[in-house]
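Take a look at the structures below.
Here come two complexes built around chain A, the first alongside chain B, the second alongside chain C.
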Partner chain A sequence: MLAVDMAGETIRALNGSMVAYEGQMTFKRQGMTGGEGLRGAIRRRVAGESITLMEVTGHGTVYLAQEATEVTLVQLAGDTLFVESDSLLALDGQLQTGVQFIGLRGMGTGQGLATTKVEGYGTVALLSDGPAIALEVTPGVPLCVDPHAYVGHRGQLQQDIVTDVNWRTVMGQGSGESVQFRYQGHGLVYVQPAERGGMLEI
Partner chain B sequence: MQTFNPATLPANDNVNPYAFCVDLNGQWFTQKGKMIAYYGQIRFEALSAGPLDQLVAASFHSPLYAHDWIVAQGQGKLLLADRAFDVNSYDLDAGNLTIRAANLLAFEPGLELKQSIIPGFLTLIGTGRFVAASNGPVHFVEPPIRVDPQALLGWADCPSPCHHYDHSYMRGVLGAARMLFGVGGSSGEEHQFDFTGQGTVLLQSSEVVADSDTMLRDLEGQISSLGAPGLTRLQSVISQRLAAERS
Partner chain C sequence: MPGYSPINKKMIQVPVGPGSEVFSKRGAMLAYVGRVSFEPTATAGQGIGGALGRAMAGEHAPMMRVTGQGSVMFGHGGMEVSVVDLAGDQLFVEADRLLVHDASLQVGTMFMGEQGGLSGMVRGQVTGQGLFTSTLSGHGSVALLSHGGVIELPISPQRPVHVDPQAYVAHRGQVQNKLSTALGWRDMMGRGSGEAFQLELSGSGVVYVQASERKI
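For the complex of A and B:
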């Protein structure tokens, strides 16, 4: 659960994630465009990376939670965080959100072809099934991640897909770990200690 | 927030209560889909891969589960986790331990894997380390004890358990009514596993078990020993059950 102390500012949070509040709060569901303008809304619709956020404004403390999962706070200082849309709980009002097309990345894992981009200055609250683990990537030390356990990443990272698909995979004799994301460069990758159910066994 | 890199990740120890880091230098058996991330040069091979024949012949004696397991080989740090369950590692020193198949994440090739007599369980024999998951912390208790089948995680050094049924459940008018209509009075605790002898029993703190078709595969594996009369009878039992389920 996340407690946010507010003194008149605005935050954005996942629709329906408020479990309690003290003080004076107003909740406003964001319109169709979700603060990203009409073009942003169209991109999001096309990408299937839908999130429904609400604006919370007021004085006091608001408590946010979702499915009793763990919350990780990430501080952004002008850099960009990429996160799965279903792992986003709340963010500071000043942060910008958008959709980033990734390419073939989400194929078969049910995560779509795009990811949500958060940039600016402020705090982002991430949801994860079990506490998230932050893994460093430095030049010469790449990291491979199971797509089902991926939560988000930040920094100057190149992402590519490592496939180990061979005739055995086709015959249903695969290793079950045939597709991984590989990150190279300089940054941080967040993973969760659980695997989301995918549509496709890979 | 603490961040990790290959140098700061623990070697063969827990990263947090829900994730385990293997310092891989050689080969480990791991269950499919339990790898969440890795650093270094690691390859994942199905057990059917040709070059692994010798390793599989020496350490893996369960064709029923061969499809669920792979071998991670190479060098690096390998992170394992399972459904955000608690993860623990255990050392065996010329010992034996039986564990619920779905909860075993990985083991060193120094251990031999065999199928337990109890469906859905695997036995590890030898010397080495293995990693297992439990829903909530693990409790170690000593026999004599009766445990709920779903809460049972495994057992070490003691004889395999037998079934225990509550006598009054199957007796009398109420019992007959329950059998007929499947309603009323059932507490859900009429069936336990009964352990006796010397050893240790491992329990998890909940009754959550993974959906797995191990029971079904176990039954399928035994069908071949039935013969034509047995199969005919099984067929009639199954069609009766199917008719009852549909109505």
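For the complex of A and C:
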């Protein structure tokens, strides 16, 4: 659960995620464009990274939670965070969101072709099934993660897909770890201790 | 009487002995040590009149009476368990959220419509909580089920608390509740923020809120 103290600011949070509040609060669903402009809205629609956020404004404390999942706070200071749209709980009002196309890696992992990016100065609250850990990636030491356990990443990272599909996988005798994301460069990757269901059992 | 001791977030251990019997949700026993017997009870410690009231009210989570000498472990559905100790005050809770409570506590059913008349009935219908709620009073312990753990929010006359009806678990103290709506044209158009109905709790007491919007 996440408690946010507010003194007149605006935050954006997942629609319907308020569980309680004290003080004066108003909840307003964001428009179709979600502060990304018309082009942003169309990109988001095409990419299938739909998120429904609401604007919360007021004085007091608001408590947010969703399906009893764990909440991780990430501070952004001008850098960019890439996150799956269904792992986003809340973000500061002054942060910008957008859609980033990432190529074909999402096919089959059920994550779509695009991811959501958040940039600016402020705090982002991420949802994870179980507590998320941040794994550091340094040059020369690439990190591979299971696509279903991936929550988000930040920093100067190149992402590519590693497959280990052989005749055993085709015969349905795979190890269950045939496809991985590999990150190289310098940054942090957030991983959760549970695997989301994907389109394909890989 | 030794209290309830949590084993982990989702299981508790309850000592049972002569004079310290408990009522629990039927089927929620996981393991026990000693000579303990479980018998279903229709009245859940409320007597015939109370049982009739409960049946009419639809607050009929089946309970069982746990007697004997030993210690019993309880859990249900992988949900988290929180223990509330009562010292003469009254706890209001939905019947299906009760995991275990001491047999020494008085159990009753309260008509929520008493608080606020017609709007109380509307509140019950809208929030899916029913028109009746269970009350527990006296001295003893209660174990509540929640999805994702509960937080306690204090309520004071200057500081009313608003709660999502689906995340509400229980409350105690001198608390008035009413349904507040923030329905706008956006909700009518199906583009609401998902927070159109809130339970406003005012007075002085404590409300227990769970970290999820899932009912049992």
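By definition in this document, the second predicted complex is superposed on the first by the 202 of 202 C-alpha atoms of A that agree within 3 Å, B and C clash if a C-alpha of one lies under 4 Å from a C-alpha of the other, contacts with A are read in each partner's own complex, and residues count from 1 in each chain.
We adopt the following convention: a residue touches a chain if its C-beta (ideal position, glycine included) is under 8 Å from a C-beta of that chain, and two chains touch if they have at least 3 such contacts.
On a predicted model such as this, the values are computed, not experimentally measured, just so you know.
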{"item": "Which superposed partner A:Glu67 touches (first chain B, second chain C, both, neither)", "value": "second"}
{"item": "More chain A residues in contact - chain B or chain C", "value": "B"}
{"item": "Which superposed partner A:Lys28 touches (first chain B, second chain C, both, neither)", "value": "second"}
{"item": "Contacts of A:Met54 with chain B and chain C, given as first, second, both or neither", "value": "second"}
{"item": "Partner chain in contact with A:Val162 - chain B first, chain C second, else both or neither", "value": "neither"}
{"item": "Shared chain A surface residues [contacts with chain B and with chain C]", "value": "none"}
{"item": "For the chain A and chain B complex, residues of the former touching the latter", "value": "72-74, 129-131, 133-136, 138, 141-146, 148-149, 164, 168, 173-178, 188-189, 191-195"}
{"item": "Parts of chain C lying in touch with chain A, wherever the complex brings them together", "value": "147-149, 151, 153, 159-164, 167, 182, 186, 191-195, 198, 207, 209-214"}
{"item": "Complex interface listing, chain B residues touching chain A", "value": "1-6, 15-16, 18-19, 32-39, 42-46, 48-49, 67, 70, 79, 81-84, 87"}
{"item": "Chain C partner contacts - residues on chain A that touch it in the complex", "value": "1, 15-23, 25-29, 54-55, 63, 65-69"}
